[in-house]
Every structure is written in C-alpha cells, then in structure tokens.
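These notes are about the structure you will find just below.
Chain naming follows the written order as A, B, C, D, E and F, and within any one chain the residues start at number 1.
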Amino acid sequence: MSNEVSTEILATHVLDLAKSGKRLDGRALDEMRHLHITPGYVTSADGSALVELGDTKVLAGIKLEPGTPFPDTPNAGVLTTNAEIVPIASPEYEPGPPSIQSVELSRVVDRAIRAAEAIDLKGLCVTPGEKCWTCFVDLHILDDSGNLTDAALIAAMAALRNAKLPAERFELGETKPLDVRHFPIETTFVRIGDAIVVDPSSAEEGTCQGRLTIATDEEGNVVAMQKAKVGAFSPQDVAELVERAFVHGNKVRAALGQLG
Amino acid sequence: MGSVGAKDIPELLDANGKRIDGRDLNELRPLKIEAGVLQRATGSAFVEWGENKVMAAVYGPREVHPRHMQENTKAVVQCRYNMASFSVDERKRPGLDRRSQEISKVIGEALESVLFVEEYPRTSIGIYIEVLQANAGTRCAGLVAASVALADAGIPMSDLVPAVAVGKVAGKLALDLRKEEDNYGEADVPMALVPKSGRLVLLQMEGHMTRDELKTAIDMGVQGCHKIYEIQKEALRKRYSIAHDGGDAQ
Amino acid sequence: MSNEVSTEILATHVLDLAKSGKRLDGRALDEMRHLHITPGYVTSADGSALVELGDTKVLAGIKLEPGTPFPDTPNAGVLTTNAEIVPIASPEYEPGPPSIQSVELSRVVDRAIRAAEAIDLKGLCVTPGEKCWTCFVDLHILDDSGNLTDAALIAAMAALRNAKLPAERFELGETKPLDVRHFPIETTFVRIGDAIVVDPSSAEEGTCQGRLTIATDEEGNVVAMQKAKVGAFSPQDVAELVERAFVHGNKVRAALGQLG
Amino acid sequence: MGSVGAKDIPELLDANGKRIDGRDLNELRPLKIEAGVLQRATGSAFVEWGENKVMAAVYGPREVHPRHMQENTKAVVQCRYNMASFSVDERKRPGLDRRSQEISKVIGEALESVLFVEEYPRTSIGIYIEVLQANAGTRCAGLVAASVALADAGIPMSDLVPAVAVGKVAGKLALDLRKEEDNYGEADVPMALVPKSGRLVLLQMEGHMTRDELKTAIDMGVQGCHKIYEIQKEALRKRYSIAHDGGDAQ
Amino acid sequence: MSNEVSTEILATHVLDLAKSGKRLDGRALDEMRHLHITPGYVTSADGSALVELGDTKVLAGIKLEPGTPFPDTPNAGVLTTNAEIVPIASPEYEPGPPSIQSVELSRVVDRAIRAAEAIDLKGLCVTPGEKCWTCFVDLHILDDSGNLTDAALIAAMAALRNAKLPAERFELGETKPLDVRHFPIETTFVRIGDAIVVDPSSAEEGTCQGRLTIATDEEGNVVAMQKAKVGAFSPQDVAELVERAFVHGNKVRAALGQLG
Amino acid sequence: MGSVGAKDIPELLDANGKRIDGRDLNELRPLKIEAGVLQRATGSAFVEWGENKVMAAVYGPREVHPRHMQENTKAVVQCRYNMASFSVDERKRPGLDRRSQEISKVIGEALESVLFVEEYPRTSIGIYIEVLQANAGTRCAGLVAASVALADAGIPMSDLVPAVAVGKVAGKLALDLRKEEDNYGEADVPMALVPKSGRLVLLQMEGHMTRDELKTAIDMGVQGCHKIYEIQKEALRKRYSIAHDGGDAQ
C-alpha cells in the first residue's frame, strides 16, 4: 500500500513540475540525457555496443551464423531481433517467458531496422532458397532507467555498424564488415499532462498519459511509429512530434556517425 | 508490409485509379457489426469487414487471480488478441506468437484509455478477440469489435473507439488496405480514434512516408474512423432495441 | 462465496426440476437444442463449418498440408485434431497451455473420427514412407453453453465433408473433395439425480452426477465412448443410453446429410 | 487400438480358442498388489499385473497452493498418471503428453466418485500414478493401485474401485488385453466398477462393437472387476495385519 | 505454521543427537543404510536397476537409440542423463518443469559417469559425424527418503552394467552388452553441527548445514565433487571426507561387483 | 572439462612452465571490480576478470510473490545466473539451460551461507548475475561480483566471498583457468571461500585428481581467494569514498 502511495505522490510531483515546463532531473522538455556509446564492448560477439543513455544501459550483441532463407524470401538473409529485460535491470522482473514489454521492445526495434532497410538483407543470401546468413541482434537490457526503445535501437545500430561477417570461420569466403546502408533512429516522447517530453526517465514513463515512438531515417522519411501506454495524442500532436523526431534523430545520427 | 513473397507483384492500382477490388482510394470495405452474439460473455460483438471475420467478448469486472496481480486503485485490463489456426492461408500454430502479444498490448492500452478503471479497484476486465478469418486490418477489426463488446457489457466508457489503417499503395495513400495491398504496399498506418476528443489511442506505422504523407494519412484515417463510428453506434442501437422488445439477439 | 451459494441454489433447482421430468430451459429429457450448421463459414480454411447447438457455438476449420507419414503407418496420411476453448467462450478460461478440458475434448472427437474410419487415411498417402497429406482438424470453441463434444464432432464432420484437398496449390495433382467415408455422431448424456438427459446445457453439466458420451456410426456400430465427470452409470443405464444414442445419432445424420 | 504397425499381424487366437499367452477369453493376467510400499507418501500401493508394473501414492488431505485453487465446500482431487520414459518400447519423452493428461482426468473423476470430498473443504488430495513398465491396461492398473493407496492413506471411501478392460480380438470378446491384442484388436473397453453399487465410474471405448457385443463386454468386465476386488481387499488385509503386528511393510 | 514448528523441533533433536555421536535412526555416523539392488527390474528398458537405500527408492532405466553425434565430438556417442523426482516420491513435488533439485541431481550423476569415463562413448560411434548411439539414462525417483545422489548413481551404474546394445533391433549388427569400463561411486555427507554423517536421511538433509558429495573411481581418483545446501566445509574437512569417500566407495563397488 | 573439440589440442604449458597467456601456474588473470554500477538495483557490481565480463545486481529484501513462497522464519534467497546469448563463441539460446540452473543453485546456497536470512522473515533477496562475455571461470566471477553487490546493497553478511577455480593442465595444477585450459585440461575445481572462517561455501570438481592433488589444489585456491578478497574490499572502499564525497559512482 505504501508503495502505491509513494507512486501517487511521485506522479503528482512530476505532473506539477511539467505544468511549469520542468522535469524531475532538471532537464528541459526537449532535452535528451547524456549519451555514451562503446562500440565493440563484447569481443565474443561479431559486433557489439554498450549504450548508456543517462542511467539507462543497453548492451547489443550481433551474431552471424549460416542458416536457411525463409521460403517466401529465398533471396534474402534472415534478421532476428530479440530483447531481454534481464532481472538486474529493474525491480519489475518476473520469472518466466519474455515479458510483454520485452516482446514489444524487440518488435519495435526490429521494425525500425527492417522498414529503414538498415542492413542489406539480400546481400546476406549465399545460395538462393538454400543458404543464407542469419543475423541475430540480441539486446541485453542492463539498467531500465527509462526510454529503453531509443537506447536499444542506438545500441543495435552501433553494434551492426561494428559487426563483421565471419565468413572465414564458416569457410564462406573472406571476413568483411556487415553492409549497413541506412540509419534509423527512434525518438520517444511521453505526455505528462499538457506537456510532451522527449527521452523519458523511468519515473516519467511510470506516470505518463501516453507514449509515442517515431523512427526516422537519414533521408527524411518516417519509417516506423508506435503509440504505447494508456493515453492519447491528437493528429496535431503527432505532426509536431514528427518534426521534433527529425531534429532529435539527426542529432543522434551525427553523434553516432563520428564513431564509425 | 508483411512478408514479401517471391511471386509476381500484382498491379495494385488500375489506369482509372481503382484498387484491386474496385474501390476508390478513400473507400472502406463493407463493414457489418453485430452486438450481443455470445451467451456466456458479459458483452460481445461480431465484425465482418471485407473478408475479415472477428469475434470479441468482454468478461468482468470480476475478481483477479492470483491476488497479487490485482491493483488497489484500479481495474486491471487484460487483453488477448488471437488468430484461429485456419484464419490465414498457411496454417498458424495455435497459441499467441510475438505479433499477437504485441497487438494484445497496444489494443488493451488503447481501450483502457477510454475506460474508467479507477471505478473498479481490485477487479479485472478481460477483453478477448478471436480472428476467425483474416484479410489485413485484423487489429483494427478486433479493436472495433472489442469496443462494441465493452459497450454491450455495460462497462462505462468515455466513447466508442473506431479504428482503421491507411496505407501507401503504388505511391498513393489508400484507406483500409486489403491483403494484397498490405503485402505489396509501401507503408501501413493503423490507428484508433476517440471521436469525442479527436485523439488517437492507437497509432502504429511501418514503411516509408514523408511528413506530409503521414499527415494526410492520419487525416484520411480519422475520416474513416468517423464512418466506422456510425456503424458501431447503429449496431448498439439495434442491440438495445432488440433487448427492449423483450427478445434477445441471436 | 456468493458465487458458491448461487451455484448450489442452481444445482438444487436443476435437481428438483429433473425429479418431475423437467429441465431449466423447458426441454423434454430427450430433446436436443436447435441445431444450425453453416458449412464453408471460413474461406481461408480448406474446409470449415460453424455449428450452433442452442447457444453453444463451435467453428471447425480444416487445413490440408503435405507432410511425412508416421514411421509405423508408412502408407497412411496423418490426422491431427486440436480443440481450443478460447477465452471468449466461457468465464472459466485460464491463460497457459490448453486446459485439460480442451485436451479431453480434442481426444474424444479425434477418437470418434478415427475409430469410425470417417476419412480414408490411406488415400492421403502420396509416397509410402515419405510423403503424405496431414489433415488438421482445428476446433475453435466460441461459446461454451454446454455439450461441446457433440457440437464439436458435428462441426468436424461438416467441415471434413466441406473440405477440398488443395492438391493444385502444392503441385500434387488435381484439387478434389476430401474422401469422407463414414459418419460418426456423438450423443452426450448427463445424470441429474435419477434422470438422464441428452444434450446438456452448461448449467446441467455444472451440476450433473456423471456424463456419458456415446459415438455411433451409420452402420449400427458403437465406435467410441467416454464417461466423464464425477458420477456413475450402471450397466443397465449404459445399455439404455446406447439405444437412445442410435436414435439421436440417426436424427443428426439425417439433418447433416441434407447439407452435402 | 494403438498405432497399427507395418509388421505382420500376429495370430491372436489359436485353433483351440486360446490367446497369444495361453489364456482363455475370460481369464485375467496374474495380478499382485502390495499396499504401503513408499515411506514418504500418506498411502501407497504397487501393482504387478501381467507385464505391467505400476506404483501409486496418495498425499493429503493437505493445504492447497495457490490458495485461489482451493474450494470452500470440498477437497480438490488432483490426479496425475505418468509413464516412465523407459516403460515402453520406444523411449517416451519425460512429461505428460495429451494421452496422459486425459487418463489423469478420467481416473481422477472415477476415484472422486467414491470419496467424501465434502468432508475435507479447502484441502487437496493428490493421487499420483507412475507406470514403470507398460503392457496394455495401464490405466486400469493405475486405478486399481490408486484405489488401494487411498485406502492405505486412511481416506474414507464408499468402496474400493477395481478396473479392467475388455476387448475384441479376432472377432471375439476377450478380458484384460495384453499389448499385441490391444494393438491388433478391433475394440477396447476399459471400465472401473464400484462393486457395492454395481455402477461404473470409468468407461471408455474405441473400435467397433454392436450393441449386443458392448453389453456382453460390460458384463465380462464387471465379472473381472469382482475378481480384482478380492485381490485388492486381500492386499489391504495383509497390510493391516503387518501394521498390527508392529512391523511395517517392506 | 505448525509445520514450521515441527520442522524446528526435529532440527533441534537431530542436532542434539549428533552432539553425542548419534542419529535419528540409530545408525553410526559413518554407517550407510541397507542397500538392495535389483538389476533388470524393468524389461521394457535396454538396461535397468531398482536401488533401495533404506527407504529411498530409485529406478534407473537405460534406452539406447540411433542418433547423430554432436558436431564437436564426431567420433563419440551421446550420453543423456535425466532425473525426475516424480510426485509419489515426496510431499515437496510441484507441477511444472523439472525442479532445480532434479536438474542438479541429473547433472551431478551425469558428471560422475562422464568424468570417470564409465562407459566407452567412442565405442558408441557408428559412422563418424553421422550416426552414433544415444544412451539415455533415466532416473525415476520413487521415494525420496534422503541421499538421492548416491542411490541414483548406484542405480545408473547397475543399469548400465545390465544394459544391452540393441543393435539387432536397429539392424546395426549384433546385440551385445554395453561396454562399461569404470566404476564411479558417489558418497554424500552432511554436516550436523560439528558432526559430519554419511548417507543422510531426508530428516538429516532437511536440517543440515552443508552437504558434500564426492565421487571416486576404482583406481583411486576423485572424479567429481559437489557441495550443496547452505553451509560450509573447511579444507581439512574435505581432505578427511575424501578418505572416507574412498572407504565407502570401495565397499559399494564390492557389493555391486558381485551382481554382474 | 568442457566439450572436447575435434581440433588439435593447443600446447598448454611451454618449456619454461609458462601458460598459454604467459602466466605462472599460480598466477591470477587481471581482475577489476567496480561497485555500484546500476541505478535501479539495491546494490550492484561489475567484474572484469581476464576476458570475462560479469554484472551482478541485488534487489531486496522485498515482498515475496506469490505469497505461499514466503517463509515465516527467514528471507528466501533467489539466485539467477544467466549468460547473454552473445557471451560465448556459438550463440546461446536466450533463457536458462540446465547448466545455468545448477550454477544458480550452488551460488545461491554459497551466498546464503554468509547472510543473516533469519533477520528478514517473509522477504526475498534477489541475487542476479549476467555474464556478458565469457572465458572460463564465470561462476566464480559471478559469485565475486554478487558478493560485492550484496555489500553494496547494505545487506549484512558475515564476510565477503571470494571465489576461484584451480585446474589440472598438462599434468600440473594451475590457478584460474582460461578457456583453452578449461577445454583441454584434465580437471577443474571451482571453489568459494569465507576468509574469516577459512571454510568453503562452494566446491565443485570434475576430472581426475589423486587425493594429494586435490588437497594441493584446494590450498592453491584458498591462496587465490585471499588475493581476490583484497580486490573486493578495495572496490567497496572506493565505492564508499565516492559516496561520501557526495558524488555517485558512474
């Protein structure tokens, strides 16, 4: 019960702050937390990156293995994205199959990569209909301090850009970097009363009235969106947030571009 | 935006701008809604929309098991979207795959946005959707059915929730995609509207759209939702009038 | 608690009615509810039928796919029956693997089809030991208002009689109707005190002292039986119910026969 | 009535009407029952019946977890019939398959029919059956063992429950089928009797039988059950006399 | 609650007895319970043994089937050990996947068999990289009256020594006994206060302060160890227990040797 | 003692008695420990040990769900050791395999041996270990990290718990095996020490060792644990001094 009381007090406080354009951690409504990226963090993976977005920590690892193309896409490799919110990440963990949060997270990240055509899946075909590369993008969530979606896609993209196709190990030619062609970035907003803030903290996500994630690419396209949580956005909100998403996405792309 | 097959891509728009099934770009498929179709459920609805057939039922508010799942300040909304194994071309293994889990989550959150859950603390409201036959747009059809089932159950809501997808087909925006358009189109934007507030409670997108296309797509979807809203209300009027005549819906 | 009280009051009422040969819904002890069958209800299936038995609703869908024969029956196709009591059907649904009720239901329906040799499994063999047709009978229970077993077998048989073997789609010859040879029908009874009633409603099933299902074929054979629920039947009961099952089964067969 | 193999079908009845193992048509296989074979269980029994070896144990009445599974007016009877992976010719994957789940259900319902569950509200009675070696008739062997284990546990019952199957073999009705008869026979009717009431609490059937055959089959089964009933009672008498002598069953 | 009280009273009693060198069942600290082995108990298995160690009962069954070697050991057969503490064995059973106790038990038994090279896995290779024998060791725990580990390994070894490779059934040559080369035995101790006793009963296991299992072979090697349960052992304890494990192991090996 | 590959076995000791990575037989790999690395956890620690990277977090003491899992006289210790799918050469399927379940159990029991669980009845203490990159010795690295995370969480313990493995490599005993030594060595003995009492709370072994070798191996391991103990204490001193300076660990 005391837990519910403290949750409610926090919610009221976050809401009061938002009325005067303020946030719990002192950020401006449109301000992202500090972003730090460590590509190649895990050498056992074919590509990897640790992303720290404020206190949020996501580790992405890429594994590339020979496999079989899907019957309906015989000329393409296979992309498999999996997210695990492991129990060190937050007190909400429950044992059992992946939580619905993990499932949504992996699907939203996967959709952005796929819709933006970020990697060249056709280039991962070895023998049409018979052999291809399977690209596993595994997202290990180490600290859920808010906005996992944006951090996870940044980690996935940084890890893909860091990845090498281990062709020699499997006697399939020469090892070479993975062909990454496009550069989607997701920007997540939450509504707090009448304010809409970017890059929400876990406290803000816990008290928000709707969350909207918008994925943009470097060519000016919106490639994916996901409205989540209880709450609503007007068409005008959406139009405005799309603009803000491009500004934010280009800023992150610039930061990430300097790495590789 | 589903899996792209190896087959030849069909021509999605003809010389006159007509779609594969003869519709105009901003034309809905035929939609029929019937409320109160199931005996055991608190509320229910059946939707036949183009070649989609979807049934929804609501149970509750009722006790929550196990007890630590209950919340002291609100009802827990449990939503499950499921496809029958024979509802699609290739038999689907029974049970919820990851796609169905995600859809269950976004539909549940959309509907909870119009429910007064704080009125029913320590209870659960179960919203269950079964897709019997699928032809693109089943999440919207499910949401439309579930919304009518909630009303049929007598659960107070701030509004009914119509839903529809807008896509991009052969370079043009088109309302309410059917299967071929979904498979071979360039983008898909499903959305659900609360007509009284003019706000969207479900919004997803996959594909490629410019800002302007997206804006127009949402406008088209909102228009479509208003038409669906009328059909939802008509279904409930019919249900109530049958109930008031002393009969019961078949 | 109040739930238990109302259950008990209902049970007592059903029992009192039975003593004077009456039922809650006004039917005679040997009277079946209204039966309505819609073959071909779902066009995405290779065969289908919606069965409404009073308020009980069962949708059966058939899918036929190429597969591999079982090692011990190399000359026969494979029949797989699956029943799912989905959560719209009744308040008793619990998340998780198929309930034991679903499992029993699918096995009892499967047993009747198999024991009656309703479909020609040998005719579904393509290449002995290597390739055959797998026939999936999927039973989607939409409303559990009592006597799922009888409704489910009627739905399965109507869907099988409605099914086409999609040979052209898989380049295995000409598409043609599935070969349905026999016509099993199940008749379910429950004991209410000293009375035994046919085609029980869910209220009757919830308060009964034993349930007995008897499957007959059109040639005068009993092909399957299943006693379920707490309760007992004397050998004399069984003999009498077998007679009633033939009368009932022939009535349903006649109704169903007119469809196809 | 199990899966029909590709091998040649053995001759199930010889010229003298003797069965594959030399038995007459209405003759049971040898049956040994021992009560009180396990230390940790509230009650237990071991059955060796032809080439079947089956162990059953009963735990309870005891507390129910999780609590919302308990019933306020009666004990919950939980029954689990399980086959050891090495109990059959081809190794069976550990865990309950659909067949075992169905058998668990019908055995549990059969036994609950003789228990006074309303005497133990809010508790559970666990009935567990392990098939160690299988040769047709394991559900009946399990029921026979479980019934003795319930008595050994001191749980009041209206009667012991014997069980046996009758089948149709080479056109003749035969009592207590063994594996080859079950595999290549024409029908199988397992049943369980409450001797004091003369009523059947378990009855299943698969195959082809005329009404008259079925009637005769049930009569044969009832006769068989009465013989098994005597062996069950003898096992319990032996158990009590050992217990009363101050010793304990090995 | 009363359950917890009685557990605590028992624990105190066991501890008091141990202080004066006594045990609940009257055994000496170093005394094993009566051991009875029935090889060939189950004829449906390729090898089997029932082991009774006091009231503890474990049935081991061996099944040998053709399979595929693991990619990293192309010249060897496959050994798979599985333990199931079935619900008849103790009141602690819970439905669901194998308990962590079952998993540990099967892994500790497997490790002893494997480390001691008890069976000739290379001899189970049929065609390198393609075909081999898979040896399933299934441990069915019938009564958990303490010290399952020692009883389970004895049962496994007795069943393996009893096993025949069913080559004729699979048309892979002549049926012959399985080649068992070494003879590991596990000896389990638990600490009760300052005393350390062998072959613990379930009461002793329930109240102990640490359990240590030591597997020895017939050539004087320690081949496996497992410390389990809350509690600790000093290096001196370990050295002393290793000596006791050899004495105990040789005694059991002698008993088992007479069987086969 | 892992799976033996088909590849050529590398030379594990050179002519000078140096190991494959240049270490002496009783030399540890470089070990770095950082406490307080995660924001949401009650306590946390990161360990980089040779090419192992392991993160541990502690949550609690907190309420237990479902309630029948709680114990009235002590805290329930829940321990989960998990490997990231990309932490090993060949991708591992997500989720706990049997090896991880066993390691979770022995680590949890080892750590509970130094906790005062009776001080926190009806609660649970969750100890979670994530292996991000693995190169032999991850269970020891996980235990070392978890022990520091428990201290960081402020949960009273009788002592910190260092851990290390000793193996047999080319006939010689060697401290702290790396991957090749583990794969091609003759034995492996992981252990965890409570330095203040001099007792072992984790001890496993697989391979072939004489009594004398085993005795020496344990002595070597105990020595190694004392070195690790110093690094654990240093990590906590650093954590406290940062915390006291008003800053917070990065």
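Assume a residue touches a chain if its C-beta (ideal position, glycine included) is under 8 Å from a C-beta of that chain, and two chains touch if they have at least 3 such contacts.
Predicted model only: the values in this text are computed from it and were never measured.
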* Structure fact -> More Cb-Cb contact pairs, comparing A-F against B-D, go to A-F
* Structure fact -> Whole-Å distance, C-alpha centre of chain B to that of chain C, is 31
* To do: Could you tell me the distance, in whole angstrom, between the mean C-alpha positions of chain A and chain B?
  => 27
* Hey, how far is the Cα centre of chain D from the one of chain F, in Å? -> 50
* So which stretches of chain B touch two or more other chains? -> 66-67
* Asked: Going by the touch rule set out above, which residues of chain A reach two or more other chains?
  -> none
* Structure fact -> Pairwise, the chains that touch are A-B, A-F, B-C, B-D, B-F, C-D, D-E, D-F, E-F
* Structure fact -> Within their complex, chain E touches chain D through residues 41-45, 48, 55, 57, 59, 61-63, 65, 82, 84, 86-91, 93, 95, 98, 136, 138, 140, 142-145, 202
* In their complex, what parts of chain E are in touch with chain F? -> 1, 4, 8, 70, 72-75, 100, 103-104, 106-107, 111, 114-115, 210, 212, 220-235, 237-239, 242-243, 246
* Asked: Given the complex with chain A, which residues does chain F contribute to the contact?
  -> 38-41, 44, 51, 53, 55-57, 59, 62, 80, 82, 84-89, 91, 94, 126, 128-130, 132-135
* Structure fact -> Contacts from chain F onto chain E in the complex sit at residues 1, 3-6, 71-73, 98-99, 101-102, 104-106, 109-110, 112-113, 189, 194, 197-211, 214-215, 218-219, 222
* Note which residues of chain F are touching chain B in the complex, please. => 65-67
